[in-house]
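Sharing a structure, written as structure tokens. Questions coming.
Letters A, B and C mark the chains as written, and numbering starts fresh at 1 in each.
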Amino acid sequence: MTASMKPTTLVALSAQGAGARLGNTQVLRGLDLQIEAARWTSIVGPNGAGKSTLLKVLAGLMTHTGVVHLQGHPLAAWPARQRAQQLAWLGQSEGAGDDLTVWDVALLGRLPHQAWLGKPSPEDYAAVENALRQTQAWDWRERTLGQLSGGERQRVLLARALSVQAPVLLMDEPLVNLDPPHQADWLHIVRTLVARGTTVVSVLHEISMALHSDTLVVMAQGRICHQGPCADPASHRALEAVFEGRIAIHAVQGQWVALPRTSKA
Amino acid sequence: MKQWVRQRPLALAAGLALLSLILLGAGACVGSTGLQSVREVWSDAVSRQIVWDIRLPRSAGAWAAGALLGLAGAVAQGLFRNPLADPYLLGSAAGASLGVCVALALLGASPVVAPWLLQLGTTGAAFVGATAAVMLTLALARGVQQTLRLLLAGVVVGVVLGAASSLVLLVQPQLMQAMQGFMLGSTALVGWGACVLMLGGWCLCMALAWGLSPVLDGLSLGESTAASLGLPVVPMRMALVLVLALATGTAVAHTGLIAFVGLAAPHLVRAMARAGHARLVLLSSLMGGALLLGADLLARSLIAPQELPVGVLTAVLGGGYLLWLMHRQNPVAVGSKP
Amino acid sequence: MKAVAFLLAVLALLWGVPAQAATSATVLDDRGAVVPLLPVPQRIVSLLPSLTESVCALGQCAKLVGVDRYSNYPASVRALASVGGGLDPNIEAIVALKPDLVLVATSAPGTERLRALGLRVVALEPKDYVNAVRVLGTLGQLLGVDSAKAVVQTMESDMRAAEAQVPMGARGKRVYFEVSPGPYAASTSSFLGQTLERLGLQNIVAGSLGPFPKVNPEFVVRAQPDVILIGDSNADAMQSRPGWASLTALQARRVCAFNKEDADILVRPGPRMAQGAMLVARCLQTVYGAAPALANTKAGAL
């Protein structure tokens, strides 16, 4: 599917003919995608559409057919370290080590910037402090992950991704376990990053949150159904269609909100 | 920065080194002839031989074996992100047992023993068996890509090779006593040559594990996250598995299957100090060395002149201390510093 | 006929052995190591019960300074220092005794370690009658005595005496010798099997299965041995094995149960092998009646 590309915008991340398999299932079916730089793109779709897989393919974490380009160069051509400095990825939690402290976890995000076996530099410390403050985790940086609640954990993992300070940030379900105040914090963080030129791509289940983004990518069954600005009514119709008309998009106080459409109209 | 947090690992390392030296000195005094040999060390050549050629290499060898097992344990727990992982996870214990079994069977089979077999001895056979088993596990799992597959292959290899050992024992039941000796572990036959070999192996494995420790740190957040941080996960995991095989094989070849040191040492370190994997690997090694040396001393002295099997004492010492630590960290204290 | 063959082999070995000693001042042990004969050892440590017995049989008991914990014959060795077992020797204790000869089994661990510490270590393991004779010869050389020939001749005459004690009714009978629960049996290729063969008994367990195979209990029931030889600690459990109550040998009580001391004699392939044979012969007498074979041409040939 073609994207509605503004010719003046740069493309930070793009995929051509991307296909991927998980076991015996073809999850992505040769899709093309262009992610604009300095914009927030949200990928939405029903369960099993392949959103997480697409994000992993874009991050170069999965074997796939087709080509992915990062900042104009093929992803495969990037040396691992430089790629890690350019692209940060926050995945769904893989069972992190419970012994690590919040501080340690956030510091791990600086690995791409540190020399192998090198000591952390003042910039590293500053980046970690900044990230922890942004996610309101600074005050308990000495606690271990095992002592945190689900939401606190998620904020720490988010801080880890933020501390990389990469120009491209990919996040898979970043709002898991987060309560509304922290979801609002997250929104603020993303807006600030985008204003400073970071490219943010998120996979979100919370449609109302996704509707705050700049660009909406609607996926179903391994293909992209629609890609367009969030404010565009065409995007809203595509979104409602992909969820089989079970939701309705409404404007409420200057924001777009997705509400479930119950059986009675 | 958090100075006290930084210093604690250093203090622990210094403490363990000091403890090891003290225990080494004690090791020179413990044996079937007791302190008498130490007192006569200057006057009597045999006493000198006992202290210098028998007791000291045994003690140093016990430390080296413990250090290797502690190192392997830390690497295994980091690689598999599982606090229950021990060095024998990938089938190395079963492989070493089979090697020793086959060597004993061949050695006792004919009146004339092949010279290469004599040269290899049970030590070489145990080492070859341990490393071959890990290679087999890697081959079965087709590389280190998937952790679960690797663990499963390790279990399968362990079980199959264990069955092969049982088969050999069935044909030659007189080997069972000798095998039991190997299974329980002992430092009785460690001389300076074996000691030097183990210490050399330790230096190599430590250097490699230290160099690869950032991968272990990254892996603690998950494999995909580690890859996204630019870490060459697959080749380094392969290298770490080889370090694991080398360290375990070297220790097992000279002292038999000593249980629990590899499992307990990293936990004991984590209970006392917080450190990233670079320091954890070193501290775990020092802890393992001190643990096994202490256990060996007790094994030699508790019912002197007879000796207890070392494996029993490592379980009692290490397990007992862990239980006490767990007891201390009761529900009231959760969330606060130990 | 078998007895003749044995004796010829024995005498050949003995005549051959001094010729070997005359040409070199070393001897080859069972692991292929070359061991010097001089100086003549004065302090001996033995880590195998059958070797302890062999040393004493050669009259050199006084030179023993340490034995393993399983050596218990003759009674004088029990007072000696115990240096661990054959499989777990206490290296320090051995070195502390300052021995100039250490006798070990071929499969013993620690041989290389002891050699590295400068001790003279000889690995010998008598596994059957012929090898027991050979080991006696080698030991005789090592200890610088020539009593080996006399000891062997005594062994041989004791063996013949044991053969003569086997009652006529027991000759050719089929025997099952259970060595340990499992059940592990002694086959014809083991030294026990060879002894039984010399006594004119037929073993139900063939040698092709190995010297001490673990047999299927069903096999024993099918083979229906005429007489069963077993250690007395396992004899009671035999009755309760499934299907074994139908064994005619059990029903007719043709069972030879040996106590611990006698079992030790039976299972050690050392100088007391002839005594072990006599134990079997005596037991057969109680089972089949005490009439020994008279004017037996086989036994009386030599």
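Simple rule for what comes next: a contact is a pair of C-beta atoms (placed from the backbone, for glycine too) under 8 Å apart; a residue touches a chain by one contact, two chains touch by 3 or more.
Model, not experiment: these values are computed from the prediction.
Chemist: Taking the mean of each chain's Cα atoms, which chain ends up nearest the overall Cα mean?
Modeler: Here the chain at the core of the arrangement is B.
Chemist: What's the chain with its C-alpha centre farthest out from chain C?
Modeler: A
Chemist: Using CA atom averages as chain centres, what separation in Å is found between chain A and chain C?
Modeler: 79
Chemist: Report the inter-centroid distance (CA atoms only) between chain A and chain B in whole Å.
Modeler: Spacing between the chain centres: roughly 43 Å.
Chemist: How far is the middle of chain B from the middle of chain C, if each middle is the mean of its Cα atoms, in Å?
Modeler: Distance between chain centres: 40 Å.
Chemist: Over in the complex, which chain B residues touch chain C? Could you list them?
Modeler: 31-33, 37, 46, 49-50, 53-55, 104, 107-108, 111-113, 115, 118, 121-122, 170-175, 177-178, 181, 186, 188-189, 191, 193, 305-307
Chemist: Mind listing the chain B positions that touch chain A in their complex?
Modeler: That would be residues 1-2, 81, 210-211, 213-214, 217-218, 220-225, 227-232, 270, 274, 276, 278, 334-335 of chain B.
Chemist: Could you list, by residue number, the parts of chain C that touch chain B in their complex?
Modeler: Chain C reaches chain B through residues 30-32, 82, 84, 87-93, 95-96, 98, 106-107, 109-110, 112-113, 116-118, 131, 180, 182, 184, 210, 212-214.
Chemist: Quick one: in the complex, what on chain A touches chain B?
Modeler: My answer: residues 56, 59, 61, 80-85, 87-89, 91, 93-97, 99-101, 103-105, 108-109, 111-112, 116-117, 125, 142-143, 147, 157, 160, 164.
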